[in-house]
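Would you mind keeping the following structure in view while I ask a few things?
Chain nomenclature is as follows: A, B, C and D, assigned in order of appearance, with residue numbering initiated at 1 for each chain independently.
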Amino acid sequence: MVYAVEMRGITKRFPAVLANDHIDIAIKAGTVHAIIGENGAGKSTLMNILYGLHKPDEGEILINGQKQAFGSATDAIDCGIGMVHQHFMLVPRLTVADNVVLGKEPRKGLLYDRKAAIAKVAEVCSRHNIQVDPAKKVADISLGMQQRVEIVKTLYRGAEIIILDEPTAVLTPQEIDDLGEILRQLKEGGKTIIIITHKLEEVMDFSDDISVLRGGKHIATLRKAETDIPELTRLMVGRDVQLGGRKESAPGKEEALRLTDIVYAAAGRQILKSISLVLHKGEVLGLAGIDGSGQTQLAEIVAGVLTPSGGSVVYHSRDITGKTVAQRKKEGIGFIAQDRQKHGLVMDFSIAENLVLGFQRRPEYCQYKIAVNSKAVISDAQKRIREYDIRTPGEQVRVSMLSGGNQQKVVVAREMGSRPQLIVADQPTRGVDVGAIEAIHNILINHRNKGGSVLLVSLELDELMMLSDRIAVFFDGRLMGILDSATATREQIGMMMVGSSLEGKEGPAS
Amino acid sequence: MTVSFFVVLLLSVIRLSTPMFIAGLGNMYCERVGILNLGAEGMMVSGAFAAVLGSYYTGNPWIGVFCGMVGGLVAGALHALICVEFGGLHAISGLGITMLFNGVTKFLCLSIFGSTFTPNVAALQTTKILQGVPVLGKYLGALSPLVYLGGLIAVISYFVIFRTPYGLRVQMVGDDPRTVETAGINVWKMRYSGVLICGLLCGIAGAYMSLGQLDRFFEGMIAGKGMLAVIAVKMGKWEPKGILGTALLLGFFDAVQLQLQINGIIGIPPEMLQLLPYVAGIAVLSLQTGATRLAALDTQYLRNKYKF
Amino acid sequence: MKINALKLRLKDALVPLILILIAFLFSAIWISFMGKSPLEAYRALFAGAFGSTSGVVNTVKKSVPIAFASFAVIVSTKANVFNIGAEGQLAMGAFGATMAGIFLKGLPAAVHIPAAILAAALGGMAFALVPALLRVKRGINLLVVLLLMNNIARFLLQFFVLDAFASDNALVPSTDRIMESARLPYLIGPPYRLTIAVLIVLAVAIVLELFFRRSTAGYEMRAVGLSPEAARYAGIDINKYMLLGLLLSGALAGVGGGLEILGNHHRLYIDFSPGYGYDGIPIALLSGGSPLISILGSLLFGALRTGSLNMQAKVGISDEIISVIQGSLILCIAANYFVKYLLNRRRSGKAGKEAGQ
Amino acid sequence: GSKPAEPGVTEPAASSTEPAAPAKEWKIGLVAAGKFGDNGLNDALKAAVDAFTADTGIPVTKVEVSELSDHAIHARNFGEQGYDMVIMGGTVSELMPEVLEDFPNTHYILNKGTVDGYDNCTSIQFEEPQAGFIGGAFAVMMSEHLAGVNKVGWIGGMRINDLEMCRYSFQAGAHYAGGQAVESYVGDFQDIAKAKELALQMYGEGMVIVQAFAGGAANGVYQAVESLPEGNYAMGAATGQFNLSPERILASHIIKTDEYFNEVCKKFIAGEMPSGIIKAGLKDGATGIRISPLIGDQIPQEIKDKMAEIEAKIVSGEIVPPTDEASYNAYVAK
């Protein structure tokens, strides 16, 4: 049979890493093919090669049986390949239509025909039954919508083979379902789809075939019907992974954190509308909601990175509303920021330097109050690297050289290592592979079991339900209700996340 | 204060701001593709000198302007090579280009003409055809055709940036080159084109200074106009309108400053008047709101270097 | 591991050397174009800069303000701001030193000199204050403000020298001379006149190195420089460090200008600085952010300026060629990625192969 | 009409046609403050020593120095190399005493210098204000003659002392002739474009004569006047600058540096050079107003006579041109 895509003996070296090592992979036309693997396994690299963004050092690519040599993305696009990247490739200042037609703009004479662009994009959308408003600015639409714009982009270019790199990492459950629906329709329309994801449930949901990469090597390709999640996990990580190590110890009654009437507005928009919450010692409180419902802002307000426009934050019976980030750190509030590369780490610092970031003024890292105690910093870093299983050649390596999962571990190691009482974790496992997810989950649970408290933001309901004692659901900056995770169902939470409040089922507010 | 006084002042403003806005428009292309250009001064020097050489050897000032464009282009190409190809540091490359071309032109001028300035050559100081226009002809004709060319470039630039596919791509490259690359567009070609257009326009601006305002090249004649172009493009928020406005504003304060000196506002030392345009610039800046930024400005973008 | 590190160091040192070589080769083309022998020209250049005691002293002397300008740029870039205004701050520092030198009367040298240096630092700092505040408070494009400030400094300096503090008994436009007690003592006396400014440069470089490598504030400033957002999330006051970085930078540039007056000129002239502030920028970047290494770069630029005099007298090459050498050197520095790229490609080729086995 | 010349050192061909080879190997140096090819002071000095070389066959080493602090270095370098005479700009005056003591066998000539009391140093001070005064008077008389306007323009480079003295004397001269001078500064000696605008604004206000005194930027004034119809004129400086605008420079404020320094060199090798400060003014023919050899015939005899009269009064001391604000005010009050 003729495969839509065949990649033979693909090898790609980067400075200091062999990202792809003689990978052979074949993808049948008209199927959904999942590619899975740990962080840094080489999935994105392989796909970038297929899309012409990187040139392989060795190997060849066949599209529909024809050998191809791609010099750039243009060549791949001309071959009918489209790609939706891990990070959205959209310019927020411009409209959806502008973004979609980029590179293949409709013209009127010498000029760019913006009207025709909008019409054409609208036509593509309606043909594939995808809901987007082509005239809107990208900055004004939701992440789920942006995802759809990315898919429309590939369709507009007439892609027959569509690659999606971690398309669900930032989507809500509802949006993920929508995406699944779109993918099914595309498949019915005869398109071939390649999808990279870390979420194995989705793999089982969406795909026909599954390929597993590990350490740059192709490990196996399986039919979905002939495999299951534990086997995939084993193939990916090389061992069994136990997710859901939840301990059933009851949360304490002492208040760790009390938020009263928190209001936050930015750029003339009400982002948080009078939120009141209580978090106890020894408790994990999950914040659920569609991305952009305000839960991230709430987390950042507790961490002190954002200043609320109104309301008060009381921590261990002390009002800390006006306190700075540094003061809160001193008082024992740890923060795992959502964007590790932008907010969590100084990418050009070494691991050791990053491990004291924010704690550099602690007496144990400081000599004579003004100098860095490098000995202490280094020995401490070595200890943490062992303790948190950060995979690195040494503590002097720059964090930018680590894989996403290991970078996340550095952030977690730092915040947890500072012995916080309250940890604010904003999507701590985003884009991280199963092995690392397991480690991070265990760290958070252990913290809770030792009497610490956790404020956990996550877009993944499973994660929230697994880790949290209670779940607070947000919609459009409002608190829809707080549920006990032992009794709450996915459906309940899902409904509240899209705005229908469940009268009477609200958990105790304090 | 007669009408003619205002006209003289207005013409002064136009002449003083013309090089700033032509070079500023050039810089707009350059910055919009993400390359900072502190070398506008050097590109203008190169253009000014090449223009005079062209006019000197052919006797035709328009060929001179063409040579000026080539001169600017050469400097622009160097900047492009360093910043686009080698991923060099934009600010340093720009300063280096200014220093290099100041040296090279002075050096060539001395070797060819034995003096720090050239003999006079056929120039473009007035627009003959406009002198026939009734009433205004006297004033319109007194401006160099390059002033009108500059105006034309501004209008064309407006359309190029906001109304053409090329402009759409330019806008995007300045914001996010990775997005543009994934759309199958050659980011490096885009970046080259922006820097080269900049070189070209700076060349014209230089040619205006040597052939449109004067009729020869002098060492040091650009006298900081290139740096003012850098200022104009940022204050003008990367839009032709804004650049034109900023250039006219700085030109206006400069012309006013000269006028104040002539009319002997007693007691104000000339140096304090001379810094008026710059103080005005800072004042205007501090009143500006909403700092727009080009996200990708002054960043390197190298082949095969990015994770998508 | 040790040997590997040494090898890496050598490679880091190799890059600037290759750049310098390329710049000289390029300029050699121009020199031969003039019909002169590049070899002879460079020999004269070298002899002029290092061939005699006075040559060496002059090279060192000229490198002092350049080194301070490069310190200024280094400090500012560490705090994530680019101080292109060092030239203006240098001038204002010189002004400050001159004022302290002229008007503080009756002080012993041990007090007067530090006071004048402090005045220089304050002068430079004050001039950096407006841009710093505009940047921090209103988010205004720093580059533009600093370029405008450089122009303002030029005319202010003219005003001070020609009008406000003009000397009555000098044909050259300048201020009065500073007091004897404010003049820097000589390490090597007349006719060479090498002052203790050299020691000050070294001391400041060492202090800065220690500050960045060892101090907590230095660590914080570097974090702000490398990733302001991450620093803010870590609870570091980024505005404070930007402000501090720019002010410290201004102060350093100011001291550079001040030492030029206190050590060399003893009075303020309009064009006492032939663009030292701009020279400092490429050197700062060539040095990879290390003040000690930037001293070497400053010596190179100082040597070019000094040696060119001899080259002119001996070989008859006018000093435009110095602009050409410096310009091409700066361009090479800007393109230094190119050399690193070449070196890296060889390294990564090897690494890749090793990894592949 | 500028002849190609090598910048920096020019080794003159020692021509064998010279009458007699000099008995002594004279070593003479010239340090220019800035660049040759400026059509100003430095070129005048170069012309002077070139003429000297042509006349006597004695070569002169010429160097250009742009940085202030390098002048003293050169003074010393030449001394170390055993030069007999070095011509330098007066800006080094303050640094000279030590050099003079260290190299007693080298004679330093300082153009516009202030050093007095050393055997091996001569400072030459040109009495430029004298020329400025006549220039001001001439400008007013001429513009009354041309257009009935009594306002004349004066454009300087930067407000340095030299220029200020000339400005006040020019103003006084204009006042003497019953007119008024409008003055302004460009801000530097380079910005030709700005000088041109300044001049255009002055002409635009009805003035017909503008005196340029702005180094390289003076070219802007000439460019301005050339862009205007006949009947507008400029006045030059330095050695006349008539070549820069042959049809529009009526007369120039000059210092005859070119002739004077040739004489200085000759005097020196003849052993007749005195030390100390020498003032060179109208009566020595060292400064004055030079009428354009090309278009000077447009000046009526009546004005020429008047200028001769003023010149005589200055030489006799009847008129003392003011050089600063105080002396100007005193002058006007008289």
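Odds and ends about this structure:
Keep in mind that, in the parts below, contacts are C-beta pairs under 8 Å (C-beta built on N, C-alpha and C of every residue); 3 or more make two chains touch, one makes a residue touch a chain.
Just so it is clear, the structure is predicted and the values come from calculations on it, not from any experiment.
Relative to chain C, the chain whose mean Cα position lies farthest away is A. In this assembly, the C-alpha centroid of chain B lies 28 Å from the C-alpha centroid of chain C.
Taking the mean of the C-alpha atoms as each chain's centre, chain B and chain D sit 36 Å apart. Inter-chain centre distance (chain A to chain D, centres taken as mean C-alpha positions): 76 Å. Touching two or more other chains at once are residues 6-7, 35, 159, 187 of chain D. Among all residues of chain C, those that touch two or more other chains are 155, 158, 162-163, 318, 320.
For chain B, residues that reach two or more other chains under the stated contact definition are 110, 224, 269, 271, 274.
Across the whole structure, chains are in contact as follows: A-B, A-C, B-C, B-D, C-D.
Against chain C, in their complex, chain B makes its touches with residues 38, 78, 81-83, 85-93, 95-104, 106-107, 110-111, 224, 227, 230-231, 234-235, 269, 271-272, 274-275, 278-279, 281-282, 285-286, 288, 291, 300, 302. Chain A meets chain B in the complex at residues 44, 48, 51, 53-55, 72-74, 76-77, 83, 85-87, 89-91, 93-94, 98-99, 102-103, 105, 107, 110-112, 153, 157, 165. Every residue of chain C that touches chain A in the complex is listed here, in rising order: 214-220, 222-223, 226-227, 229-237, 344, 347-348, 351-353, 355-356.
Against chain D, the residues of chain B that register as touching in their complex are 4-5, 8-9, 11-12, 15-16, 19, 110, 112-117, 119, 125-126, 142, 209, 213-216, 218-221, 223-225, 254-255, 258-259, 261-262, 264, 269-271, 274.
By the touch criterion stated above, chain A contacts chain C in their complex at residues 11, 13-18, 21, 57, 303-305, 324-329, 335, 337, 342-349, 353, 357-358, 360-361, 365-366, 370-372, 374.
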